[in-house]
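The same subunit A turns up in both complexes below, where it pairs with subunit B and then with subunit C.
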Partner chain A sequence: MPYKTLILCSKICDGMNAYMAYKVTTKTSLNLFNRNEFTVKRRFSDFLGLHSKLASKYLHIGYIVPPAPEKSIVGMTKVKVGKEDLSSAEFVEKRRSALERYLMRTVNHPALLKDPDVIQFLESTELPRAVSTQALSGAGILRMVNKAAEAVNKMTIKMNESDAWFEEKQQQFENLDVQLRKLHASVESLVCHRKELSVNTASFAKSAAMLGNSEDHTALSRALSQLAEVEEKIDQLHQEQAYADFYLFSELLGDYVRLITAGVFDHRMKTWSKWQDAQVMLQRKREAEAKLQYANKPDKLQQAKEEIKEWEAKVQQGERDFEQISKNIRREVGRFEKQRVKDFKVVIIKYLESLVHTQQQLIKYWEAFLPEAKAIA
Partner chain B sequence: KGSNEESAPSVSANSIKITDITQDGETLTFAITSQKSSSSAGVCVFRTYEDFDWLQQSLLSQEDVPGLLGVIFPPLPGKPLPSTSFTQAKALKQFGFLALGDEWKIYCKALELYLQQVAAHTTLSKSKALSSFFSSTESPGKHRGKKGIFKRLSHVMEEMRKEGHKDVDKFFQSERDSCTHLSVLFKVSTEKFLDTVLTKQKLAVACGHFSTSLHLVCNHDNPAAVTFSKICLKLSDIIEAVKVNFEKVSDNDVSSMGLALDLESRYQEAKKEMLFRRTCKLVELEAANRNSERAKPNKKAIMEGVQKATQKEFNLISSVAKKEIEQYHRARVSVLRDFLVSWCEKQLSTAQETSALFSQHLEACRGFVV
Partner chain C sequence: MFSSALLLLPPRSSFLQQRKIKGKVAAKIKTERRESPRSLTHRPTRSSAAMTSISQDADREKMRSVSVDLNNDSSLLIDIPDALCERDKVKFTVHTKTTLNSFQKPEFSVPRQHEDFIWLHDTLVETEEYAGLIIPPAPPKPDFEGPREKMHKLGEGESTMTKEEYAKMKQELEAEYLAVFKKTVQVHEIFLQRLSSHPVFSKDRNFQIFLEYDQDLSVRRKNAKEFFGGFFKNMVKSADEVLISGIKDVDEFFEQEKTFLLDYFSKIKDATAKAEKMTRSHKNVADDYIHISATVSNIGAEDNTALKTHLEKFSELLEKLRKVEGRVASDQELKLTELLRYYMRDIQAAKDLLYRRARALADYENSNKALDKARLKSKDIPQAEENQRQCLQKFDKLSESGKQELTSFKGRRVVAFRKNLIEMAELEIKHAKNSTALLQGCIEMLKVN
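Right, the complex of A and B next:
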């Protein structure tokens, strides 16, 4: 079912208040929405609120819910590339881009797109204020809570994996996590060096300009001044390329690492565990009822029979839940793997376009400089 | 010992090439080919750095060359240190750009230029030491002559005072001032340019790591995973191309602009040294004048003799120096022009190659079916 939903985030400074708000524009052809194009104003805490709701609704049934945008701009390798200045242009752009990618991932998920909270988030002019952000600070705390529970459960749950697919997939995801982190670190190093190159180039450009000013020979002086200008332009190219490196690759890789640490496999284990516990409990209840058969306590016997019915239902529910989450995860993983290929292809093409653009600019600059150099006589 | 022989055919400067370099332990040996201007027969000699040093010292200590102190001597690059004994960082500090490049390529180019400059110099090209350097089968550096007795620029207080000594000639005062100012600026530019080159090399290494990591993303369990692996390999090729581009760009930088800046810096030092020698002679002359004035009658004749001799030397030096400076200005502009043009052409060519390669990759990726 082909459709096009595009979300654009741009920042608006709310003059009267001290917080940053973002303009969220949605363009869509879907019937889910009242109009084809609409804009709302949202705060960062609103995004966290949305994520929190979606996570609580869908994580435990095996959906890969896009993780909330990071609160801090410090990269995953904890390398501070520039000061963490909340008002700096770089910080705002990073956050804006992250929020946009978060929403796009959310609406690209066929189930999440239909979720009323998502629709409300995109459409409603007024949104009920999210509860204090401390409690909702991103995927961070959610993950902490999940991981704590998982840590406990991992110690006690030894799941009889009847399905080799899950075991393999989990292993693959763990490997992928390692690989992605490594790639992410490589890209961060690349970005860092490119920024360094930009600084060095600007510095050289300045020194060349000074040379041009002090040089007596007219043509040589002019050539040196032109050289300084060329280097300044090249510095600009380095900066743009560093942005491309960062916004295309670094952020993509970071997103994917956060995506696969969302913990769907652990939820499946918990669901299985709950089902097993129900079976154990059912067994106990049956044993208790059997004992009561000979105890001549009709009230208690009746209660026992009712409890058996209750736990039989729970066991059935547990089995259904487990089958459902297994089915959901299989589907989600398939979708994830297809989406991943699409995402990477898009990014690689954009990156190549930026690389081609840079080279073509360089060609222009050098072609313009060559006659100046030749004119020195 | 160096003395002029007008009759000996001189080596053709343009024919001088350093064709090979071999390393034996700590010693580097350079193979140098050249032709005499009178014949087309090529000669090949093998020289070590000691031989170059011997040549430079011989040139500096030539007798019978009027006004030799006024000559701007082509600067000889410092003694090469094989990588076994020095770290890259130390080499960079000592030699700047000459330490870069594979297999001493840039250093050899600098040595080659030195020989060409000596052979092209109107006075120095006539030196016996030079022709011996190019033709003698034995290594001339083994027989060490007397060292140059010239005052080299040092940073002793005494010397610095002399360096600032006011000149009697406007032309020379202005040359000295601009020399000081410009040489600082060129030094700074050289350092900054070197920084950019080193960062480009770091970027190449970082791209290498990134490209290798992408190779490791390998999974063939299902069609989507296979496609993803293919995409990662594609990206790995692209990043590899980015790396190669950085390497080419920095090579271009080093072999043209880097070499130019290094040469310019060292030649400015050589000019500064010549001007300083002249200034020292001026100080000596002014002292001789004072001595002559204040001399007691019995010493007067001697002092006047010294004063006359010193005046004559100073005039000779100044006239040689003036010609040298004019030649220097002409030559330097021409050299810088050639290097700037070469640098620009190389970078343009690399950019065109790389642009075509990236465009190819782009087309391939656009057609990639997911």
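Right, the complex of A and C next:
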């Protein structure tokens, strides 16, 4: 796709309210946009606002809408206070990367790309502040409550699945979810241990340097100092590899876990449920009308007949909605699978290449050290 | 060469039944006689085609190089060809081949425990005659705490793993257990070989008893404890203070040695600890690859898209890589951590020598004072003169042999460091090249797909 979005971040200080803003740069050749390259400033809440709008428009008709990046309240507060420590810089980078991936997924969706909210998000200089997304706001809490209610509903709907495809897919997604979560946890462990390895290597490097200084045999002293230098370089290498472990591998897995749990199948169940409810209601209205036939109340009878018409229409709409969402989901899942295959193929190769790079650097460093060790006389 | 190693761990189900690892854990390693230049039974060491024996053999060779120039004199050859591990107790088979007449037979073996080695070391330390020598440091107690803890954790986490994952983790664990076992055998063997290679220690009476006496040594050990009462050992605790607070030594050589050894000891101790931490982190990374490989394999098995091959190949590669990473970690441990640890203990032994010399000096100075007192009182002058003469003699002898020992020690140390640093660098390069080849092979295959 001749389309690229880059996100860069910069900190904007607004007097008392220091907040983080992100530069969103879009490069495109599509006619949808006015220009080929443009940049806007957006806040994290703007991203959440965009997601909220897309979710409300498309989730219920069966589109897999990319989930918004997670808010981590602790992280955000740390940054706001203005601490320039490593963990906050790391946090900002993590968020920046997540926002970038989020936008890329959104614009890679053929329907979402054309959505006016998306276009406005990417192009407009000014964007109305998304109010209802403040982390601890009342609206936020309300949404959490609604989500919980949804979860309960999901459990009580038992659907008559006549379509084997859906049953199969749902099971497949559930299995994949379990495995991906496990894999994500293992990779997070790898990231953690590699970071530890980096720290311990650095610590050893310092110790080796001290030992080298203390050593009274000149050539051995020199070699030990060289060893310390090599280990220092290697600790940097481990750190870089840990970043690759994280940004290439771990974050991708996290994204996919969230994508899979986005819940398209639930919406289909709800649509089905609504359709069934309409059918039940129609039946009731028909029964009521039948009763009124013998009651000799012409006004009520007329009303009953109108209600029947109303519910017949609702039933038809319900059926159409269900068929539509089923069709959409089939298409979406197909697209999702294609994307998943592409994403994972690319990431696996990129990750392996990062490992190659590390190994090649190791060869370089140790080959440089070897003559130093041999020079000990 | 290790031809077979049997390691019996409790079966899988018993992890769930028993929180503590009960039951016998028996490991037996049988080795063929290692080849030496003038060995009577010549057996080529690299004839075996099996991968495991070659790598284990290479391990043995690698570990031997921590110290150098050992076991070259055919008049007294010692090795530990066999060892049995029951629970925590390790029983070593000490095998001796000798042409010396002081021994009853030309070839014989005895079973020994770790405590017997400690007894031997302590008797050497307490022997006055050896005050001017660097006494080879006692081998550390066999420590299976690391693998044991890991085994415990493995048992606890069993339910979260697939059968394959569990099997691989168990395999890793067994390898670690074996590595600790081999290390302890080596370190005990090297101790004995240091003694047999030394012109003075090789003739020690207790050393001979240790090698030859075919009964249990525990009776002797008990007696020795009662006799010495750990007296000298307690004194050594304050040795550093004596050395540091002592007056500047007239002898330039010893003054320099004192400064150097005190500083070097603390630095090498720190380096040993840091190297150990680094190696452990490396092992953790290798273990993570196991879990990742297993889960990727599972996802691949259930996948029926174009991703299937990618996942399978990726999983296979990770499994191969983690073995290499494991080797990197263990090689680093042998060449670096063990090297540092070994010489840390040796430096301590050298410090002990300095300490004994300092005490001898103190004794001499005291004898001088006593002589002056005697002359003042005109009483017991001959005894005081004799005492002073003896103290001076002892001190001079100590200084002379001490100088010799410390000089040759430095030479040994430099040679050993050189050898091990070179070998470590070469191994790192070898492993990195191997990893690169595996990775690039896999990438090519995947790009074609």
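Miscellaneous remarks
We take it that the second predicted complex is superposed on the first by the 323 of 377 C-alpha atoms of A that agree within 3 Å, B and C clash if a C-alpha of one lies under 4 Å from a C-alpha of the other, contacts with A are read in each partner's own complex, and residues count from 1 in each chain.
The working rule: contacts are C-beta pairs under 8 Å (C-beta built on N, C-alpha and C of every residue); 3 or more make two chains touch, one makes a residue touch a chain.
These numbers come from a predicted model, not from an experiment.
With the two structures aligned on subunit A, subunit B clashes with subunit C. In the superposition on chain A, contact is made by A:Gly334 with subunit B only, not with subunit C. Of the two partner chains, neither subunit B nor subunit C is touched by A:Lys305. When the two complexes are overlaid on their common chain A, residue A:Leu220 makes contact with subunit B and with subunit C alike. Touch criterion not met for A:Lys114: it reaches neither subunit B nor subunit C.
Once chain A of one complex is fitted onto chain A of the other, the partner contacts of A:Glu168 are limited to subunit B, with no touch recorded for subunit C. Once the two complexes are overlaid on the shared chain, A:Thr201 sits against subunit B and subunit C alike. For the contact definition in use here, the residues of subunit A common to its subunit B contact set and its subunit C contact set are 172, 175-176, 179, 182-183, 186-187, 189-190, 193-194, 196-197, 200-201, 203-204, 207-208, 210-211, 214-217, 219-220, 223, 227, 337, 340-341, 344-345, 348-349, 352-353, 355-356, 359-360, 362-363, 366-367, 369-370, 373-374, 376. Against subunit A, in their complex, subunit B makes its touches with residues 178, 181-182, 185-186, 188-189, 192-193, 195-196, 199-200, 202-203, 206-207, 209-210, 213-214, 216-217, 219, 221-222, 224-225, 227-228, 231-232, 234-235, 238, 242, 329, 333, 336-337, 340-341, 343-345, 347-348, 351-352, 354-355, 358-359, 361-362, 365-366, 368, 370. On the subunit A side of its complex with subunit C, the touching residues are 172, 175-176, 179-180, 182-183, 186-187, 189-190, 193-194, 196-197, 200-201, 203-204, 206-208, 210-211, 213-217, 219-220, 223-224, 227, 337, 340-341, 344-345, 348-349, 352-353, 355-356, 359-360, 362-363, 366-367, 369-370, 373-374, 376.
Remark: subunit A residues 168, 172, 175-176, 179, 182-183, 186-187, 189-190, 193-194, 196-197, 200-201, 203-204, 207-208, 210-211, 214-217, 219-220, 223, 227, 334, 337-338, 340-342, 344-345, 348-349, 351-353, 355-356, 359-360, 362-363, 366-367, 369-370, 373-374, 376-377 touch subunit B in the complex.
Subunit C meets subunit A in the complex at residues 256, 260, 263-264, 267-268, 270-271, 274-275, 277-278, 280-282, 284-285, 288-289, 291-292, 295-296, 298-299, 302, 305-307, 310-311, 314, 317, 321, 410, 413-414, 417-418, 421-422, 425-426, 428-429, 432-433, 435-436, 439-440, 442-443, 446-447.
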